[in-house]
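The first chain written gets the first letter, and so on, giving A, B and C; residue counts start at 1 in each chain.
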Amino acid sequence: MADLFPLAEVSEDFFRDRSGGGCIEDNRLFCPGWVVENADRYVDPTLQHVVLVVSAVVAGFLIAFSLAVLAHRHHWLSSPFLAATGVLYTIPSISFFFLLLPITGRGAVTAIIALTAFTLQIIFRNMTTGLRNVPDEVTDAARGIGLTRKQLLWQVEIPLAMPEIIAGLRIATVSTVALATLAVFANGGGLGTEIVVGSNITFKTGIIVAGSIAVLMAILFDALLLLAGKLLTPWTRTVR
Amino acid sequence: MSPIGKLKHLLLVGAFALSLGLAACSSDDSSESSSNETAAGGELIQSNPDNSGTSLTIGSKNFTEQIVLGEIYAQALKAAGYDVKTDLNLGSETIALQALKEDEISGYPEYVSTALTSFYGKEAEEVPTDSQDAFDAVSTEVEADGLVALPPTPFSSANAVGLLTSKADELGVKTISDLEGKSQDLALYGSPECRQRIDCLVGLEQNYGLEFSSFTPVDIGLRYGVLDKGQADLSIVFTTDAQLGATDEYTILEDDKGVLPAGNVVFLTKSATIDEAGPDYEATIELVQTGLTIEVMQELDARVDIDKELPAKVAADYLKEAGYTE
Amino acid sequence: MIAPNLATLGLFGEAFDFVFSQQEAAGGIMVGGPQQVLELATTQLEVTLLALGVSLIVALPAGLLLGHFGKGEFIAVSAGNAGRAIPELALIAFMAAAIGVGLVNLVVALAILGIPPILTNTFVGIRQVNRPTVEAARGMGMSNLEIITKVELPLAIPTIMGGVRTSAINIIATATIAPLAGILTLGDFIISRNVYGDAGVLAGAILVALMAIALEMTLAGVQWAMTSKGLKLQKP
C-alpha cells in the first residue's frame, strides 16, 4: 500500500527541542510573548463573536421594541409578554441551544436565536418602564396640541423613553457578549472556540486572552451605546 | 453551513490559495509540472481542475491529534483541487460515525482499534496486532455499512493509563497489572466515552479486574491537567501524546494484558463518495499520510498542545516540510 | 436548517423515554433512567443553592451597609455591570485550568457570578427607600441596625429579590457547564453527547430548562411572601 508512494521524510530539524522549558511549555499563567506572536489566531473568533452579538441584540431589539409598543397600546398584553419573555430569559442559553437542535440544527443560527431570546425580557421591561414613566402632563399637552396617537408615540413617548431603552440595550448587549462564548457548543463559533476546543481548555494564557477580549468587547459596546444614548437625547445633557 | 461558516472558509481558502500563490511566485526552482520529486522526497500534489466540481467535508473527532489529521487531509485535498470544507471537533467516535453515515461529512480519520471495539463490538484480544491484519478486519466490517476504510497511516496510537512519574515511583508500578490491590485507592479520570469502551474503563475493570476509587469523566483536553492538579491519580492518555515525549514528568503503565490495543488511523468514507470524487480523493489521502510516522505525529501533536500553534498552521507546515505542497 | 418533521417529534419522545427508563447506549452501558437523572439533578440543585447562599451571605450585608450609609456607590453599582460582563465559560475553564477542579472551586466561581447582581440591587434598593421614612425612623430613636432591618430592608425587598433572582439564573446556567470542571450536573447530558446520545442531550436540555423555571418561580413566590402588604398595594 504505502509502497506506491515514496515515503516522504522530514528533515531532522523538523523536530523541535522542547527540553529547555519556557513560558508556553510550562503552561504558566500568562505568556505575553506568545500572545503578541499569535494574536492573529483570535481575529476570526472575535469577528464571529461580533456577528453573533450584533445579530442577537438587533433582532432582540426589533422584537422587544414591537412587543413594548403593542403592550403600551394594549395594556393587558403587558403581563403575558413579561411572563413569556421572562421564561425565555430564565432558560439557560446552553439548554436553549439543544432545545433548538432538532429544529435548526447545529450552527450560528441556533446560537443567535437562543441569544436573542435572552435579550428580550431585558429590553422589553426597560422600554415598557420608560414608556410608562412619561409624565401624564406631557401626554396631555401633546394630545392638547392635536398630535395623533401614532405621532404621540413616535415623536414624544419613545424619545422620552430613550434613556431607559438605551439602559436596557446596554444591559442586554453586555450580557450577550458574555453569553456568546457558549455559542461554541451549538457549533456557532465565537470566542468560546478558543476556550474549549481541543487542548485550549487547559491553556491558561489562551483562556485569559479569549476572556479578556470578551470583556473588552463588552466594555466597548457599552461605551458605544452610552455615547449613542447621549447623542439621541440631547435634552438630558445638563447645561453647564 | 451557516453564512458565518461560509465566510470563514472562503477566507481560509482564499488565504491558503494566496499563500500557495505567493510561494509559487517566490520559488526560485522552476517547478515544472513534470518534476514531482522535491528535496524532501515527497510527491507534490497536483491540482486537478476536474476535482473543482466535487465538494467534500472533512470531519474529525474532538482531540488534538484528530483535528491535526483532519486539517492535513482537508488542506491536501484542497491542494488537489477539491472544494473542501471542514467540520472538525465533532465529538466521540459514535458521533463522528453518525455524521458520516448521515452525510454530514464525507469522511474522517478513525483508529482501527476504536472502530473494531466500539463500532463492531470486538473484544480487545480480537483486535489483530499486525497492522495489515487489523486493516483487513476493519475493511471487512465497514463494508456492511457501505463504508470504505482507506489504507492506514504508518503510526498507531492506543489508550494508555498515565500518571505522574513521581506517583509511579511512589506506588512502585510499571505495568497495569501492578495496580492490582492498589487501584481501589486511586482516582481515575478519562473521557466521557471511556466509561463505555472496552479499550478503556470497561476493559480495565473486566479484563484486569481492577476497581478504582472513582472514575471522573472530563474533557479529553484536561487529561494531563488533572494529573498536574493532583485531582487524578491515574488518567487515560494516548501513546502518541506530545506531553509524554516532552518531559519525564508523565509516564504510562505497560499494557501487559493487551487490553488497550493500538490502532493505525484509517480514513473512513463512503464508497459512493469515492466513486463521485474520482481517483485523486483516495490517492491524495494515501499520499499525505505516508509521512506520518509516530515521531512525526508526536511532533505535530506537540506543536499544538505544547507550543500552542493552530492545528491548521501545523498541518500546513507538515505538508510543506514533507514536500506534498509548496 | 432541518425542517421540523415527524423525526423531531420522535426525538422528543425518545428524550421522554430517556428520563424515565434506563437506556442502553453505545458500548452497552446503561445510561439515563430516573436514578441517574435524579443524581445529576440533585448535584445541580445543591451546587446552585450552595453558591446562591454564599453569594447572599457575602453580598447582602455588604449591600445593606453600603446602601444605608450611602458609601461606596461606585463599587456597588459597577459590580453589577462588571459581573454581567464576565464570560462564564472562560471563568469555569480558567478555574479548571489554573486552580483545579472540585466542588469548592466551582462554588467560588459560581459565587463570583452570583454576588454582583445581589450587591448592586441591594445597594440600589436601600438607597431608593423614601428618605423621610428613614428620617422618621431615626427620629423615633431606632438604631442603625433597627433601621436597616425594620425599615429599609422590608421596603427594598422587591429590588433585592430581583437581584437574587438574576443571581440564581446566572448561577444555574453556569452550573450547567460544570461538567467541564468535573462536577457532574444535568449539564453532563448536554455536553457529553458521546455517552448519552441525542435523546439524552434533549432530555438534559429540557430538564435544565424546567429546573431553572422552577427555581425562578420559587424565588418569585418567596419574593411575594416577603413583600409587605403595603408594597404590594403600590402601583408596580
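Throughout what follows, a residue touches a chain if its C-beta (ideal position, glycine included) is under 8 Å from a C-beta of that chain, and two chains touch if they have at least 3 such contacts.
Given the structure is predicted, the values throughout are model-derived calculations rather than measurements.
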Item to check | Touch-based graph of the chains, sorted into line, ring, star, complete or other | outcome: complete
Checklist entry - Using the mean of all protein Cα atoms as the middle point, what chain has its own Cα mean nearest that point? => result A
Checklist entry - From the C-alpha centre of chain B to that of chain C, how far is it in Å? => result 40
Checklist entry - If you average the CA atoms of chain A and of chain C, how many Å lie between those two points? => result 20
Next on the checklist: Centroid of chain A to centroid of chain B, CA atoms only: how many Å?
Outcome noted: 35
Checklist outcome for this item: Touching at least 2 other chains, the residues of chain A are 109, 196, 201-203
Next on the checklist: Give the residues of chain B touching no fewer than two other chains, as numbers and ranges.
Outcome noted: 219, 222, 225
Item to check | Junction residues of chain C - those touching two or more other chains | outcome: 96-97, 180, 191
Checklist entry - Which residues of chain C touch chain B in the complex? => result 25-29, 96-97, 99-102, 179-180, 182, 184, 188, 191-195, 197
Item to check | Residue ranges of chain C touching chain A (in the complex, touch as defined) | outcome: 1-2, 4, 7-8, 11-12, 81, 84-91, 93-94, 96-98, 169, 172-173, 176-177, 180, 187, 190-191, 198, 201-202, 204-206, 208-209, 212-213, 216
Checklist outcome for this item: The chain B residues in contact with chain C across the complex are 91-92, 94-95, 118, 189, 191-193, 195-198, 202, 216-219, 222, 225-226, 229-231
Next on the checklist: Give the list of chain B residues in touch with chain A in this complex.
Outcome noted: 1-5, 8, 11, 37, 40-43, 62-64, 67, 89, 151-152, 154, 219, 221-222, 224-225, 246-247, 286-287, 290-291, 295-296, 299, 302-311, 318, 321-324
Checklist outcome for this item: The answer for chain A against chain B in the complex is residues 1-2, 4-11, 14-16, 18-19, 24-25, 34, 38, 41, 44, 48, 51-52, 107-109, 188-189, 196-203, 205-206
